[in-house]
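First chain written, first letter: the chains are A, B, C and D, and each begins at residue 1.
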Amino acid sequence: MKRNIQIEALNQIPLEKQRIELVERKCLGHPDSIADGIAESISQALCREYLKEFGAVLHHNTDQGEVVAGESCPKFGGGKMIRPIYVLIDGRATKQFNGVTIPTDTVAVEAAHEYLHKILPELNLQRDVMIDSRLGTGSTDLRDVFKPRQGKVPRSNDTSFGVGHAPFSDVETIIRNTSEYIDTKLRKKYPAIGQDIKIMGLRDGNTITLTVACAIVDRYCADIREYQEYMGLLTEEIGKVAKKSTKRKVVVNLNTADDIKSKSVFLTVTGTSAEMGDDGSVGRGNRCNGLITPNRPMSMEATSGKNPINHIGKIYNLLSTQIAQESIKKVDGIEEMYVRLLSQIGKPIDQPLVASVQVLPRKGVTLQEINGEIQAIVDDNLANVTSITEKVIRGELKTF
Amino acid sequence: MKRNIQIEALNQIPLEKQRIELVERKCLGHPDSIADGIAESISQALCREYLKEFGAVLHHNTDQGEVVAGESCPKFGGGKMIRPIYVLIDGRATKQFNGVTIPTDTVAVEAAHEYLHKILPELNLQRDVMIDSRLGTGSTDLRDVFKPRQGKVPRSNDTSFGVGHAPFSDVETIIRNTSEYIDTKLRKKYPAIGQDIKIMGLRDGNTITLTVACAIVDRYCADIREYQEYMGLLTEEIGKVAKKSTKRKVVVNLNTADDIKSKSVFLTVTGTSAEMGDDGSVGRGNRCNGLITPNRPMSMEATSGKNPINHIGKIYNLLSTQIAQESIKKVDGIEEMYVRLLSQIGKPIDQPLVASVQVLPRKGVTLQEINGEIQAIVDDNLANVTSITEKVIRGELKTF
Amino acid sequence: MKRNIQIEALNQIPLEKQRIELVERKCLGHPDSIADGIAESISQALCREYLKEFGAVLHHNTDQGEVVAGESCPKFGGGKMIRPIYVLIDGRATKQFNGVTIPTDTVAVEAAHEYLHKILPELNLQRDVMIDSRLGTGSTDLRDVFKPRQGKVPRSNDTSFGVGHAPFSDVETIIRNTSEYIDTKLRKKYPAIGQDIKIMGLRDGNTITLTVACAIVDRYCADIREYQEYMGLLTEEIGKVAKKSTKRKVVVNLNTADDIKSKSVFLTVTGTSAEMGDDGSVGRGNRCNGLITPNRPMSMEATSGKNPINHIGKIYNLLSTQIAQESIKKVDGIEEMYVRLLSQIGKPIDQPLVASVQVLPRKGVTLQEINGEIQAIVDDNLANVTSITEKVIRGELKTF
Amino acid sequence: MKRNIQIEALNQIPLEKQRIELVERKCLGHPDSIADGIAESISQALCREYLKEFGAVLHHNTDQGEVVAGESCPKFGGGKMIRPIYVLIDGRATKQFNGVTIPTDTVAVEAAHEYLHKILPELNLQRDVMIDSRLGTGSTDLRDVFKPRQGKVPRSNDTSFGVGHAPFSDVETIIRNTSEYIDTKLRKKYPAIGQDIKIMGLRDGNTITLTVACAIVDRYCADIREYQEYMGLLTEEIGKVAKKSTKRKVVVNLNTADDIKSKSVFLTVTGTSAEMGDDGSVGRGNRCNGLITPNRPMSMEATSGKNPINHIGKIYNLLSTQIAQESIKKVDGIEEMYVRLLSQIGKPIDQPLVASVQVLPRKGVTLQEINGEIQAIVDDNLANVTSITEKVIRGELKTF
């Protein structure tokens, strides 16, 4: 069946040439990202469990949950947690299949603990966190059992859509790179740098202002002087990373809410503000490209935790992003590209109700010239939609 | 101090002329909207309690919470709830002030019960729902105590932004009107029409397809035949409402996932899918204009439940929408308008870091001609930003 | 099959002639009694639901649960609840039978709400209490389905025992009567008298000291003077009730922990200390005769909430008490009597492993003279053990 | 001030000569004992934390909590947990003192985890258990701050009593020894022997029947044959231990509810029935001497988890047991002895309202002859009541 792929040219000022651009990222230790990460790690753990037991992935959706802040007394040199963070796990999963019981709750609780330990090593799992599972029971329609490498295309679970774009703008690139650099390089040297980082980028013409809030871990920071040194270090390092991706002027503001005099600063025991006052929810933070981009079309669907078999809110967000990025890479002449994939409940997911592609061709290029190539990429990606599922199961795709 | 208002012209194809447009609304009884409604009703109840006690609104944020689905056995003529819906309330609120204790938890629990009763009258509060409050304790900075009609401008609580646009497109208008019509008119005549309705609008060129999922309440629906009659009725009524707001072709699809033969249809005991299988979270559904609009810039910030004093994620979303709508109404010559307001933590909320306005002038109009008028409206709205707070407190603004 | 009934004579000083006797009762509004009452009301509601659906009672045990204290600000003339009381419901119940689903959780939640409303009318269910059900799933062995008036004797669910005695001593009688009098007469006139009352009776020779802690409801008590009047009134009324059942000297001490000067008194918003600081558990308070009697043999088994079909911890406690009371009434010559019934798991409940009866014959009476009559009563009661079940189902027996 | 010590002679048939005696013990892994153990370990952890911070123990009571059963699929050779056990922690503790915050919730959660790990090593804390703390806030009256070795006597927190007796009867001794032997010797050799053991002892004349229910851990038990071997082993070993403490005939019945044919046996994944179906509560199981003894006076007060400073329900139970045991050891001529200590709220705990001692002198001994010695022991123990507190803090006294 021919796919309904609609490609239209956008005639608009490219984002990089618009005056104002806003981009935000909530890094791994932000409470909303913690919630996303737990949700996704539970879904992946369930996938593994189902595969182990049945050679197939069964129905589940764990794109829910709430991280309720604890209470802490941070102190230079090492403070303490007062009340544990409470994590509610909900959503649902198939618990019985072919007469076999799958331990969905224990799998979920274990996945949540493991994920927390991985991203927040300062958190003491025996003491600083309480996990509660109210995971409901889902049922698996036989038609939606997913066996990898079998090529069968599941039916869409909902009438919903996914959205993606490419390429990343300067600000988007800078924020992604900064986050990556801190997580993979800088923190290894400086464990005082907490995991709860929020980066807000504003480009006003050719000036990019990065307003960064970064938690400092108290046991690795002796006093306010050392704290200030970390602020200086971060400002410098973030500036350096940023300059690699732009020729524009970059201004970095660190922890602007700090009041150094009164020592009211962003100091934490565990590296996240979830320890004290800040709750988090699945799907409230980054989109699946790791960013919040109010100058770009976005989907409200949480990507994290949804099942990767037939949940459009997950698959089409990941797929539309992949389509846009692949097109940009392979097709010469695209300035900007936006992809929206809309499903209809019950229809095979390789047959969206519409695949809407908006292209801003590069100056001097017409849509006709590149239309065919794009069409082919979209069609091909839809034909191979289950490869998204397989990548998710293997943990190869980030969802927030 | 002069405000940083940046107005730029957009040179792009107006949305109505783009090929594809997607718009979605989750109506009042959708689990995500239930979560939003509870969050906002708690914030409003806290505002009233604070005002009663102190003549001022204190710090709080209740834009959190989770609706965990129950379990039900719907049956034509009347089924039953098996396991209650579980509602987790979190967020935080000021509990002590001037030596007075404010009963934040009891206020929250009562507000949640009252709200549920109002929007889901079929829900038996003694039996079908369990509410649990884990509301944390917030502290109120004396500088952020808000007294209505005092003119003092609070300082921004965060570095964040709000987004708004105007005017509504055909599809947007249709969906808003449909929702309103069912809630205020149609259900009064036909109590079988549940509160959990999701409307997905797709405009493909000049054809608007509305895919509507609408819960039916079992006790008011005797059998599958009557169910089908309701489907017919809804299709017809929604079609009529839609036609009032557009000249385009309108197609209405009701409950497309139903399987009439096997009687597997969207039948509920209480009018919401939260009774069985569908969880909901604050901030995952509609933006503050009541819609999800992936063709428009959106903010990820939950508007519902945030404090209306200094939480940018609430105030700037509401204000930017108001600015756009007022401009469209008052200024002749605007085809489309997008407003983004960005705060910086600690700065007065009438002084955003930037107020970015993008205008698509109507054909034949230049930005210069209307720039001044728009500038004045933006400036004036920012100067009166606390009127947003007062409207929210009085319950005059919808947040989802 | 002949029953193993062992009757032996006790040669001991009758309790009334011992120097020291201790008796305690936690009245209806004491947190432990609230927990007991909720547990029992849930069991009864499940029995009714099972009977309605199947004409038979299925397996369940709801002798669990926890009442976690809230927080309140009592104030003469009317204070307020700050944090709701949290009630956890656990235990288990049969949820599926013959293809029918029984709404065990909603039944439990509703029963708990109704019971709370009945005994604590000042409690606002929408605001002052949060009920959470974690009722597990039990399974019903077909052999243990109980149909009333069918005469089939269930098998014991456990190796366990029940204990009972008769007659009540002076102190026991006084405490039971006082509790009854306050609940049925005095509070109707004086709603200021709360439900949370603890009566500790000490008989030292011929002096009975009743130490009573009685909550006062703040909205019905204007000031400390009125509070003191209530103390006077209660002291007098309790004294009067007590004198009706004894010729001994009676001393009544009311709220001895009060500090009138600092107005630190037992004032409550709702009538129970569960509103502030005192948690309650099932089975921690009164035995099934309504008393705690350390001078008497007692069973640790919670009677409340256990299923009345085959749970020995319930049935044998009720039955042994009934046997003792009936014997005292019908058999002339018993000074005191103690009954212990021990079951063995899997055996019919009318065939205890042993029915141990200890009799203190009245002076001048030998065991031989009355042995036969007692034997007959014990045997008869065991033969009709299911009448206990039927009485419990009809709500005719108190369990705490 | 002279203490009110009342010693009276009992003229009754000694327990060992009565026809029927019942004794029960719920060993460490029984759900009620798990609840007790968690409660006590939390109290001890709080004591240590308070001492570390203030050199003094502050007010708290953690004699609450609920162990809600999980769900499991035991299987010979190794099954799996399906749903984690849920543990609710409640009670209250002083959180603020002298401007210092004590992390009561994190201390409680950590203590519970550590205790569970110690007694149930097969339980995977990351997966098989969910702990939730709803510990309330208590306040410490300055007069009740307890500093060890300071000699100041706290005031009683309640009008309550404790009960103790000595010596242990044959059955009591056998049951205590059996439990000890399995926990300290037998399980080390045979890890298949679970922690959830209930021993019910019935002495009928000179025959002692021990009905033992003992969980077997599935991963250490290959099949039903091996299971039966363990039953044989346990029967034999328990018989041997029993015979060391009695000359009476001993019959041991193991897991009488098993149905070997259908393989419906007491097999567990973790060693406790809390993994599947059996909930537990604090204070519902053993008294502080480790036994349930319906032939002896008992207190309903939970000893575990109560603060060891001024909570009568804990201190007087431990002290009265100690008084009885010491008297039996030191005073020649006591057949049986029962001690009841009754406090009055607000009075120093070394001054009970009454210390009631009932003595059954050995044949040929009169009360007068031994009265003085007993009086001295009681008086001395009361004078040194705070040594109980200190022993509890050091973890030297068992409470269940």
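Some observations on this one:
Simple rule for what comes next: a contact is a pair of C-beta atoms (placed from the backbone, for glycine too) under 8 Å apart; a residue touches a chain by one contact, two chains touch by 3 or more.
The chain list, named the UniProt way, goes like this: A, B, C, D = S-adenosylmethionine synthase.
Since the model is a prediction, treat every value here as computed from it, not as a measurement.
Looking at chain B and chain C, not one chain touches each of them. Comparing mean CA positions across the assembly, the chain most remote from chain B is D.
Each chain gets one centre point, the mean of its Cα atoms, and the points for chain A and chain D are 50 Å apart.
Chain A and chain B have centres, each the mean of its CA atoms, that are 24 Å apart.
Averaged Cα coordinates give chain A a centre that lies 55 Å from the centre of chain C.
Chain contacts: chain B has residues 71, 86 touching two or more partner chains.
Taken as a contact graph, with one node per protein chain and an edge wherever two chains touch, the assembly forms a single closed ring in which every chain touches exactly two others.
A complete list of chain pairs in contact reads A-B, A-D, B-C, C-D. Residues 71, 73, 80-84, 86, 95, 101, 103-107, 109-110, 113-114, 124-128, 130-133 of chain A are the ones touching chain D in the complex.
Remark: chain B residues 6, 8, 10-13, 18-20, 22, 24, 64-66, 68-69, 71, 86, 88, 90-92, 134, 136, 138, 159-161, 163, 198, 200, 202, 204, 209, 211, 213, 256-257, 277, 279, 281-285, 287, 292, 294-300, 302, 340, 342, 344-346, 353-354, 356, 358 touch chain A in the complex.
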